[in-house]
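Each of the next two complexes has subunit A plus one more chain, namely subunit B in the first and subunit C in the second.
Let's look at the complex of A and B:
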């Protein structure tokens, strides 16, 4: 009876895993095969698609642009959000409820709607923003906001903020010093987790990138989209590279956050 | 002039007044305890002294200087919090040295002070631990060392022992006293445990609902309660009505009359009592509690209920529920109290 139950549990888990992994696995095999036409099995395996991809300067540039945009947006978010949450929690704890509502706004509006709205709003501005990376950085900042706010706010609730700052004050620290030396190090875990989460999310963002900037500043997702006409093996290699990178980031994130608790 | 002088200090949060027009003085090196029930404003008073909460009115003078409007970081007042408030990201060593670092003293120069402090609070060998690796008592000692290393002019301790178990409590209590005497530190200690207050203090300030209802040395507070609150808070005083007092002892009083449980005797046949131990009354035992070396009897005498403490000498002498006995009262220790 117990064994039977265990068997059912296991088979459910393994079927789900198989279901989720099959597309990735087949994409991976496809990206490794030299050509795979009317036959059941591919004609042969080679790394030529990967080498073609990794030596394509357009790919390297697109990857670099994506990294630049994501990292800038996250830097901006960190620099603005950290002190903001501190102010909310230390000086105006009642604001936390309102903040929780506000930060959900970027999610409440579908990306297509808000990107068209942004287009209209900035089409006639004096500065040329549409089509530049800057508007994308600012937009990504708002998308990252909910992730960052929630994760960091959680870290704040796990420490005894008021007493820690009070203790630091009595030992001669100013509020700024208390924040930098006593509070900030305790937020590292939440901050890192939210940064990696937002990073992988932003790296895969397509709608805003396509509508607001498009081919004028080709990011990774736009590049992938533009390459859809080329060989399927090539795009598979591209998707796999992207996956590998995200996996690496996730692994790094879990390592860093785990290391912090020890 | 006294070392610390508090002048008509008031504090309110919005509409809620926590305390009003508090006044007291403390001498240098004195160990003073703020004693009072939960919520009476002890922590708020300490925080106001430390500058963490702003006073709404009144003055705080320390060593002849008005510090009412000085910021907390410049007051040179050390405090140990009820919640320890150790910095979780720092080692024991860094926690203790934090105050020196803020003064611009490098870790190398602070080494000697640090070693001395670690030895003082008996935490040698724990320098590299993080707070979450320590026991409650050890954490409290780190908090103490952290406050002491900057040589504060006044040390404030907010129920530093309340989260600890009885044995550690006893040790740490003595340790705090020893350190306080060694450094001749002016100390204000907060507790709601009257036994702790009596054991440790040079003087006790008894607080209730934002007022200091009585201040004095432990003996005076215990033996001469000024009102019903003090009498009921300090040791289980019996309070009998004015009419009963008149009837029993011929004492004229407008208020209730207090009799300590140890001032009542259960009469042993064939034993001689001093003259001031008299006024015999018949009583019935309702119940008893064993408190270790003391047995506490709850008795009914006419229409009053009394508690009497006797030394617990042997179990044969334990009197069962319902027994009738005769009581004697120490007339010198019966006193009317204020309201």
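Let's look at the complex of A and C:
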């Protein structure tokens, strides 16, 4: 009876996993096959699509642009969010409730809706924003915000903030120094985990990139979309390369969070 | 900094008769650190929303409800709402059921496998948007491997990925991992003793789920449903990549009104956005009401 039940549970779990894994696996096989027409199995295998991809300067450029945007956006987010959370937790703990509501905004408002307003507001700004990476960097900060706030706020609740700062004050450190030397090292893991998580999220962002910037500054996702007319094998190699990168980032994030709880 | 200088001046000219003002201002000094954050958040999150809301009521420079009138007069825009709600509702429901079955079975496996599977689910939740649409074209497109396989087995006559059913399949795919990750912690509320107690009192598993399991889980299930629904109705990348904007959905309509090649009507796009947000608010309200009721039921 017990074994029978376990068997049912196992088959449910593995069917769903198979369902989730099929598109990834098929894309992988497709990227490795030399040609795969109207048949169920491919004709032969080769790495030529990967070499075609990795030698395409347009791909390298797009990848570089995406890295630049994502890393700048995360730097901006860190610079804006870290002092904000510290001030909220140390001086105005009551604000935490309001912040928890505010950070829901980027979730609740679909990116398409935000981009309508962004396009109109900044279309005629003196310093050109639309069509440049700067608008994406600033907008991506709002996407990363909920992840970063939650992760860092969780780290703040696990440390004894008041006592640590008081101790540092007693020893003659200023609040800024105490924050940088005492508090920051305690937040490192939570911060890094949230950064890797946000990074994988931002690298996959398409809506803002397409509507606000489009082909004027071709990021990885835009490049991927523009390549849709080329060989499916080529786009598969592209999707798999992208996915391997994302996989690495989420893996790093999950390792860091696990380390945090131990 | 400025506030501090003002406070110091006040103090020096009138002696220390105003210490309370000095203290009050000094108390707010740390708040200066909040300014950069507030500024960016306002400029890139709040201001666009405010623009959308205000300009949805503006037509050719004057206050009017013409934009809203246009939505309800246009069969095309109404169809986009119908399509979006249809796909969001069914994909959230099916995704939620599959995710719930998956998570409840997952809890019976041993912890090492469980951890690995959770990690995989987490990873596959990133497989969305444009890459996912491409993967679906490869496996379920006209000459896709799975399409051919299913045709050969005679399961299906023909499958059009670029239709309503194709999109529904795609949406369900990206709802499952999200639903599973959101539901997983909630299943901790189901204690093993409750199941054993019910079994001792003669309840079969079916009765246990109807009388105990689902009522306990219902707030989490409803809460997850609303997140899945919002996720689906706001989705744009996958449907855009799959159909190049040819399938009529709300997000596709909004985007084409602000960034298409011709007929730019940002104020109409704003009005559609406001209706979309109201729809989401309405569904969230129903959901909250159901959650409140389910607590009373207990």
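Here, the second predicted complex is superposed on the first by the 253 of 262 C-alpha atoms of A that agree within 3 Å, B and C clash if a C-alpha of one lies under 4 Å from a C-alpha of the other, contacts with A are read in each partner's own complex, and residues count from 1 in each chain.
FYI, a contact is a pair of C-beta atoms (placed from the backbone, for glycine too) under 8 Å apart; a residue touches a chain by one contact, two chains touch by 3 or more.
Note that the structure is a prediction, hence the values are computed from the model and not measured.
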**Request:** Specify the outcome, clash or fit, for subunit B and subunit C once both structures are aligned onto subunit A.
**Result:** fit
**Prompt:** At the Cα centre of subunit A, what angle separates the centres of subunit B and subunit C, to the nearest 10 degrees?
**Reply:** 90
**Prompt:** Counting only touches as set out at the top, which of subunit B and subunit C does A:58 meet: first, second, both, neither?
**Reply:** neither
**Message:** Just checking: does A:236 make contact with subunit B only, subunit C only, both, or neither of them? Give me first, second, both or neither.
**Reply:** second
**Message:** As a test of reading the superposition: which chain, subunit B or subunit C, is in touch with more residues of subunit A?
**Reply:** C
**Message:** Quick check for you: in the superposed arrangement, does A:20 touch first (subunit B), second (subunit C), both or neither?
**Reply:** second
**Request:** State whether A:174 touches subunit B only (first), subunit C only (second), both chains, or neither.
**Result:** first
**Request:** Considering only touches as defined above, state whether A:182 meets subunit B (first), subunit C (second), both or neither.
**Result:** first
**Message:** With both complexes overlaid on chain A, does A:216 touch subunit B (first), subunit C (second), both or neither?
**Reply:** neither
**Prompt:** For A:166, is the partner it touches subunit B (first), subunit C (second), both, or none of the two (neither)?
**Reply:** first
**Smallest separation in angstrom, by C-alpha atoms, between subunit B and subunit C in the superposition** = 11
**Residue numbers on subunit A that touch subunit B, as the complex places them** = 159-160, 163-164, 166-174, 177, 181-182, 185-186
**Request:** Provide the residue numbers of subunit A that touch subunit C in the complex, in ascending order.
**Result:** 5-6, 8-10, 12-13, 16-17, 19-24, 26-27, 30, 36-41, 76, 79-81, 83-84, 86-88, 90-92, 102, 105-121, 138-139, 141-142, 145, 200-201, 204, 206-207, 210-211, 214, 221, 224-225, 228, 232, 235-236, 239, 242-243, 246-247, 250-251, 254
**subunit A-facing residues of subunit C, complex** = 30-31, 33-34, 36-37, 40-41, 43-52, 55, 98, 101-102, 105-106, 108-109, 117, 119-124, 126-132, 134-139, 143, 145-146, 148-149, 152, 173, 176-177, 180, 230, 233-234, 236-237, 240-241, 251, 254-255, 258-259, 266, 269-270, 273, 276-277, 280
**Item:** Residue ranges of subunit B touching subunit A (in the complex, touch as defined)
**Value:** 47, 50-52, 71-75, 77-79, 81, 83, 85-90, 98-99, 102-103, 146-147, 150
